[in-house]
Amino acid sequence: MMLFLLLLPALIMFVMSLYKNDKAKRILSFTSFAILLPMIKLFLLPKPYHIWGDYLIADGLNTYILLVSSIVGIGVTLALLTLDKHVKVSPNAYRRFYRFFAIFWIGLMFSILSNNMGIYWIGLELATLSTVYMIKTNHSSSAHKEAWNYMIVGAIAISLVLFGIILIYASAKPILGEDAMSFNLLLAHAKDIKSPFLFEIGFAIVSVGMFVKMGFFPMNLWLANIERASFYPVAALFSGILESAVIVGFFRFSKIAMEVNYDHLFIFIFTYTLLTIFIVSFLIFRAKDFMRLFSLSGIEHMALIALFWVSGGTFAALLHFGAHAFLKPALFLSTGVLESNGKYKIAGALKGYKGKKGTMFWFLVSLFLLAIISLPPSPMFFSELYGFGAMIAIAKKSDHLLAMIGAILFLLILLSVIFYRFVAIYQSMKYEGEKNEKRVYPSELFSLVIFALSLMALLLPITFDYLKGIS
Amino acid sequence: MFQFDTLSIVFVLLILLGSVPNIFYSSGYLPHIERKMHYQVHYFSFILSMIGVVISANALVFLIFWELMSLTSWQLILTEIKDKTTIEAARFYFIMTHFGFLFLLLFFLIVTDGDLEIGFVNMKDIASDFAYPTLLFFFIVLGFLSKAGAVPLHVWLPYAHPAAPSPVSALMSGVMLKVAIYGLFRFLFDVLYPWPLEWGIVILVIGALSSLIGVLYALSEHDIKALLANHSIENIGIILIGFGMGMIFDSLGLKVLSSFAFIAALFHSFNHMSFKSLLFMGAGSVLHQTHTKNIEKYGGLIKSMPVTAITFLLASISISALPPTNGFLSEWMIFQSMLSSSHIDNTSLKLAIPFAVFALAMTGGLAIACFVKAYGITFLGLHRSTNAKHAHEVNFMMQVGMILMAGVVISLMLFTPFYISWFDKVLVGLGMGSIYAQIFPHGMWNLHSVGINGGVVSPVILLVSLVGLSIFMMFGYKVLNVKERVHNTWGCGYKTSAKTQYTATGFAGPIRRFFNWLYKPDEHFVKQTIAGHESKFSSSNYEVHVKPLFEKSLYHSVSRVANFISYWVYRFSHFEQTRYAAMIFNLMILVLFSYRIFAHEFSWATFVLEGVVMIISIKVLIVGDKK
Amino acid sequence: MILYFLTIICLLLLAPILLSFIKALKMILLFKKPISLLQGYRNFSKLMQKETIISSETSSITRYAPFLVLSPLLVTMFFLPPVVKGAFYVSFVDAFTITGLISLSTFFLMLLGLDSASAFGGMGSSREAFISALVEPAMVLTIFSISMMAGDLGIGQAGVNLAYNFPAEHMSSFLFAAISFFILLIAENGRIPVDNPETHLELTMVHEAMILDLSGVYLAIIEMAASVKFVIFSSLFVSLFIPFGLEYSPVVAILIFIAKLFGVAIAVAFVEVNMAKLRLFKIPNLLGISIVFAFLSLITFYVLGY
Amino acid sequence: MIDFLIGLFLATLIISLFTTRLYGLLLWYSLNSLTLGLLALFIGHELDDMAMLITGIVTILIKTIGIPYILKNLSQKFHFVRQINPEIKVQYAIMLIPAILVFTFYLSEPITQMINENNNYIAISISSLFLSLLLMMEHKNIAPKIIGFLSMENALFLLGITATDGMPMLVEFGIFLDLLMAIVVMNLLFHNEEAKV
């Protein structure tokens, strides 16, 4: 029953998108609000709640992520209303976008809620394939090229994930039989796995697949190019929702890996994310347009979330995840407005907004920009505090204290390179360049306000307690 | 969440003393600011966040307010954008302050074990369990001293402070730097006590270097606000000398001397707050009237701006550490504590301290030269530009601000015992003994050094006798009823004009020449000769620009390295664009190989093998053959 | 107490005579007809009667600064070590305060130089600032070292201690400090080879350049300040580095003291006659010697121990 | 018999690496899938596993016949380039392929406690994964890349069949569904390109 309720809005959207009607655009975006209702219902149910036997189980972690994603989805669809004001889109493309958005949403829901590695993978694949088509809504040759790239790389990545899943399955099948696919049983029996090395290889392949999909080292510009080529709401969906599906899988797999051999896991993830952040930070240092900048910073934050999670900073990782999921789409959506007047121009991008709407717009965008480099009172400030705290705690327990602290310091310095770049860009947006008059539409502003409010909600003590309760 | 022990209260007092006159000044300054709303919001939240930092009782709150303080001050620098340099200064400031924040963050994370909401006192146990306390010490030093602007983390300061609107410069230089000093007091005492001897020496050396370098660069500066900002570096150095002496004495077990040195450092923090705020306000008034920061464009302002001139004079005397001002008193205390180093048993240390004495004395001498230059060129002589000619006294509110600040300076001078009793309480609160009775053994008139056979100074008596004598003589002059005649200055037969005056560049000339090896100045000399004669020329222009050595050697190389790395990373990343599959292939091999090696039977041979395999496969699959 | 004030008045009266004495001695050494010892007084009274010309470019600083130049020096007079046994003295004032007071006087003198808007004033101030910046560390270190030897940071007490317990075991330190202080004496009072008080040549002027535009009473005050400064330095030198004769009866002690002051004056005169004025940028070499000696003095003191 | 089929699987994959014609590639892919299907049927028969048998049949139906047929149609419709030359030189490839095999055997050496105690299966699956990756990266055209992707899918199935004795039914069908979806999306992508041109 619950499953049906969850899928209903997406199904309605799918059906609606098949009708040719001018009003469909509006109705579609309002149906997207319906996404939220079953989510809230699910959120309030006692956990863990079995939606579909042992296959789909809602617990604290995934309902939180689902809730965050649905808010992001609503914000993005709202901003879609005025997409045609900034770029050229045909009504057909709109409808097709919604059709695939519906499929995307279904896949997403399955993968986030699943308690089964296989179903998780199926959902992820569904979501990935539908996004390929969403990239294509933009009828440019670069978008076409990037869609193919995404198809290929996404397919490789996803196959790697499946390969890893089968290896993990193989490692656990001798003790669990067919149930070796379910996350919770695997977690409970992780210590009994007979061949930890097989599991570790599986885990390594799974995480490489996931990292490739999130654009980590060495695929750093891949995601940026795709997001550059597609429409900005698609980029927002990518950074806000699709990555959340990936990261939730990473959370689950790494949780099991922690039980199997924590040291290996930590060293692997730490080196990998450090490398990623190293490259990303210096790429950001040279970033020259908003889209690339934000998508690179998205990679950075994903790396941080992964790192916080494996360091044991569950709370920090989740908070950071929430903050990033709200901030990044908000920024991507605002690039639509920022770039509408002369592409790629950073200098003076925040200038020339008249009236109440304009003032509010630039104010919110400045806030988001400053929040993404974790200045207080951004939730990222807190999450980074706690996340690095968790890492220091690990360092203290390890045998290589000085090396670990050195590495953390190095990481912090890399983050400050990013910080520097963002500060420079913010200043250039606000204080340099020409003053051109630009327009902001209420729907965009409304979605930005939604994101801002959700960010504030993240800071409430209630949310903190809730997030601390998960783990 | 918040705590109000004596240290906090004293620093709250410092912030209030610094900001209340400033609020008056700022309200007078406000009509000239375009973005009033932006300015006001950030101005007041800046003050509040500084207070927040000093009263916070746990790491989380401390860090939040610390970052808010940086954030708001950064936004305040950006209030008035006149040119690109302001933007660059703001960026530089923000990144440097963030750099310091990193170290503070690491420090707090280590001493709190991840629970950021524990009180400072509880951190002590965790810190003492930590294997490398010196690491913690360096984190603290880097964290706070980058904010305080001590050498070599000072380069941002002469850019950032002048770029802000003048009331904000006054707040940043006068008050915000002291918040960093608060941090040193708070965490060195509450968390990292007791200290090894070396820590004190480190602080002492940093202090001595900062004081000398600060004053030397101040001397060569032509931008009045940058000059003052460089002086902040110097004064932070002096405070750190006091602080370092206190730490040295404490680790040698000389508790009384140590308290004395700490009191001196606190006292100098207060004094610097008072006179530096006043100086920045004065400079702001001048700037406000003449619309230029170039000191060479001023001159003769004392006639049109008497209030500014007099308050500026008071502050100049005080910052030059001339008796009987408060600046003199605190520097005297620091001197006395250094002279008490003869009680130290450690000969090599004893031999080293005279160098610090030398640095401090030299600083004093150069500071005098510098402020004679700043005051003389700005306020005395003839107007050097039309801007200066049209200057007149600033509005009432700004005057009130300056007069109130002058009142703070004078109160620090007159009520030294009162202030010192509070500083004494601070140190008692931090676990040292009370030494108030030893500093003022016979009433409040004489300030005694606590060293054996130490010196004594009686500020009030000095002040009264100096003022009394001068007034007596002036009275005598009046009584004598001397005939007076007004005539032009004698200029060897030539007409005295603004152009015949000594310039600031000229004034600092001898000292600059003496320190040429340090300054390495860029000299620009343009002469329009007439008919090829060397000695005949219609116009000539001589300019000297000094770029700080540290900026050249340290900061530029850092930015070059960053550029270099980013260039290669960028190329590397663009390279990947078409070869995704190959990248993934290699990545898989790398990860699996590493897992195999590290998970089972690690040996160097396999490790090397992995490297070779990776290099070959990257060469073959990614780089490919050149076409 | 009476003795205390008497000595101060005596020193004040002696001040112009000492300077005139140096000048006269130099003239004798150069086979000229010497000026009278009372020339200082004559100048003073002459200047007091003249009208004061105030230049129109100046500000109120010119009106007040001369008094502020003199008064710190006069205050310093009260802090000198005693000349006579049993006399009252301010025991506790230390080197830093005295240096500070002298610098305060110099500070206003330099402002005075800048106020007149003439190139000379600025030039003089600039050079004075340069010299006094270098003098300050040497002075502090030297007096620090001698007070270490005397066992008290207060100058007055140090003088007394030295007179009674001469630190014979620290003779080398003592000597170094004495040399250093003598150089400072020359530099601070603007004598050859640092400054030539007798010419008005723009290449060499330091002190004179700053006061070029003063006249009448103001000039008299500044001249007086110069002579007072010399007396302060020479009596400091005498009490700290020739600490003998305090134990005799008051009259004899004062006579000995005055004799020693004249001795210093003779030494200064001989230095002046035998040396040429140094170029401005060679002066740091001289002051460098002084700083190095001050350091040496401290270091030998520490190394040799108590 | 199992070992023979696995060997055949690997052999077809390796041969497809050296193929220079598109249709040849399709043929080798189809044969590759056929061995996979036969393997599934054989193991399913041995274990008496109904699910495995169904998998085998479906594999043969879809992968051996269906997908190569669709791809051939597509290639005729959109005029794919039939001449496909590997980017990586043959000399390198000759060295690389054995190296990969050696590496994967080295990698799987410490694996113990398998369900069927044969870690060579895993080694071969991983190496076929690598080989399909190699197939993807040695061609610039889209079509061989797609085939590379599909043979990666085959490698997965090989792993699933041999190492774990089959995956849960639900999961396998999900995978098939996704495969079809992938083909649909590719079709759409090609279509759009056509429409634009």
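Labels for the chains are A, B, C and D, by order of writing; each one numbers its residues from 1.
In this section, a residue touches a chain if its C-beta (ideal position, glycine included) is under 8 Å from a C-beta of that chain, and two chains touch if they have at least 3 such contacts.
On a predicted model such as this, the values are computed, not experimentally measured, just so you know.
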Per contact tally, chains sharing the most pairs are B-C
Which chain's mean C-alpha position is nearest the mean C-alpha position of the whole protein set?
-> B
Measuring from the mean C-alpha position of chain A to the mean C-alpha position of chain B, what distance in angstrom results?
-> 43
Centroid distance [mean C-alpha coordinates] between chain D and chain A, Å = 31
Mean-CA-position distance for chain D and chain C (Å) = 100
Chain centre separation in whole Å, for chain D relative to chain B (CA means) | 68
Multi-partner residues of chain D (at least 2 other chains) | 107, 110, 133, 136, 145
Send over the residues of chain A in touch with two or more other chains.
-> 152, 156, 160, 197, 201
Touching two or more other chains in chain C are residues none
Graph class of chain-chain contacts, one of line, ring, star, complete, other = other
Return all touching chain pairs.
-> A-B, A-D, B-C, B-D
In the complex, the residues of chain B that touch chain A are 60, 63-64, 67-68, 71, 74, 78, 81, 84, 87, 90-91, 94-95, 98-99, 102, 105-106, 109-110, 112-116, 130-132, 135, 562, 565-567, 569-570, 572-574, 576-577, 580-581, 583-584, 587-588, 591-592, 594-595, 598-600
Show which residues of chain A lie in contact with chain B when the two form their complex.
-> 149, 152-153, 156-157, 160, 197, 200-201, 204-205, 208, 212, 217-222, 225, 261, 264, 267-268, 278-279, 282-283, 285-286, 313, 370, 375-377, 381, 385-386, 388-393, 396, 401-402, 405, 408-409, 412-413, 416-417, 419-420, 423-424, 427-428, 430-432
Flag every residue of chain B that touches chain C in the complex, lowest number first.
-> 300, 302-303, 317, 320-323, 328, 331-332, 335-336, 339, 342, 347, 350-351, 354, 357-358, 361-362, 364-366, 368-369, 371-373, 375-377, 379-382, 446, 448-449, 451, 453-457, 462, 465-466, 469-470, 473-474, 477, 480, 482-491, 496, 498, 500-503, 506-511, 513-514
Interfacial residue positions of chain A with respect to chain D in the complex | 55, 116-119, 121-122, 125-126, 129-130, 132-133, 136, 139, 144, 147-148, 151-152, 155-156, 159-160, 162-163, 166-167, 169-170, 173-174, 178, 181, 194-195, 197-198, 201
In the complex with chain B, residue positions of chain D that touch it = 87-89, 92, 96, 99, 103, 106-107, 110, 126, 130, 133-134, 136-137, 140, 145, 148
